[in-house]
Amino acid sequence: MTGLRVYSWFLLRRLGLAALTLWGLASLVFLMVKLMPGDEAQMAAGADASAVQIEAVRERLGLDAPVIMQYLGFLGRILRGDFGTSNVTLQPVLSDLSVVLPSTFELVFFAMVINLTLAIPTGIVAAYRSGRTFDTICRIAAVTLGGMPAFWLALVLQYVLGSLWRVVPISGQASFGMAAPVVTGAPTLDAVVAGNGAAFIDALHHLILPAAVLAILFSTQIFRALRTGLLGVLKSDFIMAVRAKGASSSRMLVRHALPNSLNPVLTLSGTQAGAMIGSAVLVETVFARKGIGAYMFNAVAQKDTFAVLGSVMFIGAVVCIMNLLVDIAQLLVDPRIRSAQFGGSRA
Amino acid sequence: MLLTVDRINKSYSSFPNPPVQVLHDVSFSLAPGQALGLVGESGSGKSTIAKCLMALAAPESGSILYDGMDVSKARGAELLRFRREVQMVFQDPYGSLNPRMSVEELIGEGLLVHKLEPTAARRRERVAEIMRTVGLNPDDMVRFPRSFSGGQRQRIAIARALVIGPRILVCDEPVAALDVSVQAQVINLLRDMQRKLGLAIVFIAHDLAVVRHLCDSIVVLHKGRVVEAGPRADIFERPREAYTQALLAAVPVPDPEIGRARRERRHVLT
Amino acid sequence: MTTVSAMSGAPRRRRLALSPFDTAVIVLVCVLLLAAVFGPFFAPDSIYTSDIANSLMPPSAANWFGTDDQGRDVFWRLVAGARTTLLSSFLVVTLYSLIGVTIATVAAAGPRWLDEALMRLTDIGLALPSMIVALGFAAAMGPSLKSAIIAMAITGWPTTARLLRGIMRQTMESQFVAGAQVLGVSRWRLMTKHVLPNSLDVLIVKWAGDIGNTVLVLASLSFIGVGAQPPSPEWGATIAGARGYVSTAWWTVVMPGAAVAITSIAFGLLGDIIQVRRDPSLGGN
Amino acid sequence: MFPSKTQKPLVEVRGLSVDMPLAGGKDGLRIVDNIDFSIAVGERVALVGESGSGKSVTARAVMRLDPVARLSGKIDFEGRDLLTLSEKEMRHYRGSSIAMVFQDPMSFLDPLMTIGDQVAETLRIRGIGRVEARKRALSVLDELGVDRAAERLGSYPHEFSGGMRQRVVLAMALVGEPKLLIADEPTTALDVRVQDQVLDLLDDVSTRRGLAVLFITHDLGVVAGFAERVMVMYSGRIVEDGDVHAVFKDPKHPYTRGLIRAVPRIDQDLEELYAIPGAPPAPMARPAGCPFNPRCSDAFDRCRAELPAVLPVTGERVACHLHDRKGA
């Protein structure tokens, strides 16, 4: 069977690409380090380090060696999981992140759930009734919501829903005294682990607004991609063949048009997972939630550049893994992948 | 011989799939002023041959000699001479003309590229002249391809190829995309041009009937191999190979008696 | 031989009339552009000085959008900031479009290995969340508007490059390109006369949407603190500065945010209008 | 008046017009203009015309497949006017009473669904169980000569060759046991040998099942050995309709005559091929009078002023002033 060959080649290529992307990212971060104004050893050692300490750091980072050696050393440290050291907490960036990361994942996960449950049904209905009122409303809503700055939306909703109407908590991750003991770092998960229903509800209550704000922006993208994709597929010939069989509109849409337009949506949601971690920087700070975003925000504010760059490296790595997972999902969904990937060049 | 194709082989690889050989030792030749038909179904390799003939692709082995020059190795000035003397008309009249160029620019481009006419005024005269020759109204030269019908676009394409005075015209299924009622316009035009200009033509088609009215000799291709080659009369009246016979038998005839009889005969056989 | 005149054939594409909504969007974009160009000349000097006695005043006839914590007029600061925001966004989009077009053209015209290398580079760029990378660059170069612009320019090109290269490859597959090659046109003429003109119009659609998006990202970077720094009237920085006053003086936060949103939405809609005019089926009806 | 076999008509189309809405414009563009025709039970009819003549639009109109087309007139199918049915009632006819096969089999198959599921779908829609539907799909594929059909039910369209795909599309149409099959240029994208096989197959199936076929093509040569009756369409109107032998032997309309002469013959040597001058008019640029008059060598004044009516001429129907006693 050539099928297996093709599949394994596809996977190999994708794995290679992921590795390449990680390497590219590491190189970018190295470039960022080199772009920093001033003495790198001084920066790494912190503002009030003594001359001796600075020299020690210089020694440790190999900053006297030629740039190419520094680069290789940097790659080696990344491979060993050394993403740099924070000047503020004086901890390795990775261990700082491991504390706050579950909270961010929780936020992104819920945001993704809201994102897809919001965008996919509306996208389908809007495409099916394209040009009608529902479609027009959805399109205007998508453009309007998609054009709003997330952090501003967060501030305004926080003020209106939290301060004025008091529907949701203003900020934080749990009400005072309600939090379940920290096990994983993600409040909802911790509540589940502790078997504490009230804490779970409370954690969700704190989560809903930040997750929704994060989701809205992204779901406008999914909505548009799905609507455009569906409209394209609905115009295609085989849909007419399906109509000629006597299929109902719902069957046409769900059984035929939807599977054929899901691929770009899948790719997009993979990219979005990464971008969401990025946007968490904006949302977490506004809602005073723990997480990688808040960590980066503080690092920027305190000029803790190594913490920022370490976080950049880390988020990029997570995104690469996400993309790889999406690729594998695509492979499972589309039987044509081999013709799409490798066909074409035959005259 | 003006053009000699000698045992060319070509395969396409699309890793990780195993490479597919599309041409196997294909040979034929073309004399000055001759019209040669290359006939084959899809997958016969005829488009690949056209690409190799036009030096858009190189065969892996074997050679294509034009007027003493090895086509696939030609570079620089030599290639430019080849490009001026060997021209092509494509299948799709809707895709073969740049939609953003006027008819004058399209037809005049060859004159410009080969520096045959230095002034714009002279180029315009030459464009008008060739437009009249192929049956187009020179007043239309300011228009863009989208306002022409399929048959007229094919005339533009022929004018574009002929304006620089080539010796060989390679036609890749030039009427396959046209309506039956206008197909003959293009075939007749090609035939007129061949006679008037002493042009050699390589006419690539999947339909033997179309070829019959234009070509003196015919090469039948099947799965990348030359199955049978010979003068028109031999191929049509005395086909030797079973494949050629099958191809001939499958061409529809616009006569209900013959068509019905043929179908019934086959029913009896099977 | 008879002379045939071009009588029939495909009709010219009908021009779609502008709907009132479309007109409103275009007028809005023009107003924003006018504000960006001429606004700073009309803005009073007081918006650059502090007048604590007059701080956090609600909207009134004198101060349409109220005043901020320094007693500066919010409306005129927004008008003054329009130039910073729009000029920066235009600059960013122009810069990365140039990079994108160059990379796409080289990839499409160049040999196979170069194409492969450039596209893998683009894949890397596409895989990484551009805001995070821009944040990293801006933070490393030292937080400033200039850093943010440079960072966005070097992270924004991959989508343009990927899109354009795909379309150029498609264009290069078309018969008229083979026709030009057969005619013996030079590589340069092939790309500039045949391939690029038939590929570029997709960028016109993308351009307006990109401006809208860049306005957002720029404001976000400034809000985090790696873009424009206070007391710049740049909108993101203004919001960051006014964050603490949401509950006491909502206008200091709502107004600049609305400015960002309206600008981004207006350009987004402009992009939609252009796109629907190119392919009416996307608009429905 | 309507030459067909003596059997009762299966479909009777009366005064059918199709208008396509134009982007931005209020009034639509008339693609098909007031045509009449009928097809008897088990009859094989060819509808011949060039691109833009409205033949495919006519075919789609009979099944009401184009959601934006505006249809007027009457389409009687076994005594019911299809144009008065609700969309839901119409769905009942599609696939089970009237089925359709299309020009390019690849683009008319859902690339993400297996062949077996696609063929069985017509039955599944009508509530037939999975196992039964699969069984019947298999038997139709077998009947149409898809070898190793049982193994290939789970294959996807891209794994089939062109000729096999056309068989799959045909199976999709036949599995619902329709009474009328509309074939919209089913052989145009195929090589001559495959085209011949598909025609044999259609010939076979329609004889065996008593299936009426409306075969749409731009090439008169293709249908000569297949159809019993030929209808020639030009610029949205039927200009000639008659028995296949009569039409080929003695074409009444100058356009039909031109079309027959323009087919390149494999069995004759000709010095000069016949070509109809000019090109078919676009629907928005139809000339006044008979739409064929600018290309017609027999045209006279009346042709340039007055649209010829469809009139009976020796057992045929012809729309040409040459055959109108008043005008000749």
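In order of appearance the chains are A, B, C and D, and numbering begins at 1 in each one.
The rule is simple: a residue touches a chain if its C-beta (ideal position, glycine included) is under 8 Å from a C-beta of that chain, and two chains touch if they have at least 3 such contacts.
Keep in mind it's a predicted model, so treat the numbers as computed, not measured.
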Innermost chain by mean C-alpha position: C
Interface ranked first by C-beta contact pairs: A-C
Centre-to-centre distance between subunit B and subunit A (centres being mean Cα positions), rounded to whole Å: 54
Inter-centroid spacing, subunit C versus subunit B (mean Cα positions, whole Å): 47
Inter-centroid spacing, subunit D versus subunit B (mean Cα positions, whole Å): 31
Multi-partner residues of subunit A (at least 2 other chains): 343
Multi-partner residues of subunit C (at least 2 other chains): 2, 4, 8-10
Set of subunit B residues in contact with two or more other chains: 149, 152
Residues on subunit D engaged by subunit A in the complex (per definition of touch): 60, 63, 65, 91-96, 99-100, 102, 104, 107-113, 121-122, 125-126, 156, 158, 169, 172-173, 176
Complex contact set, residues of subunit A against subunit C: 17, 20-21, 24-25, 28-29, 32-33, 35-37, 130-132, 135-136, 139, 143-144, 146-153, 155-156, 158-159, 163, 228, 231, 235, 271, 274-275, 277-279, 281-282, 285, 296-297, 299-301, 305, 308-309, 312, 315-316, 319-320, 323
Complex contact set, residues of subunit A against subunit D: 236-238, 240-248, 251, 255-256, 259-260, 334-336, 339, 343
Subunit B residues within the subunit D interface of the complex: 41-42, 149-152, 179-185, 187-188, 191, 206-210, 212-213, 236, 246-260, 262-263, 266
List of subunit C residues in touch with subunit A within their complex: 120-121, 123-124, 126-129, 131-133, 135-137, 139-143, 212, 216, 219-220, 223-226, 236, 239, 243, 246-247, 250, 253-254, 256-257, 260-262, 264-265, 268-269, 272, 281-285
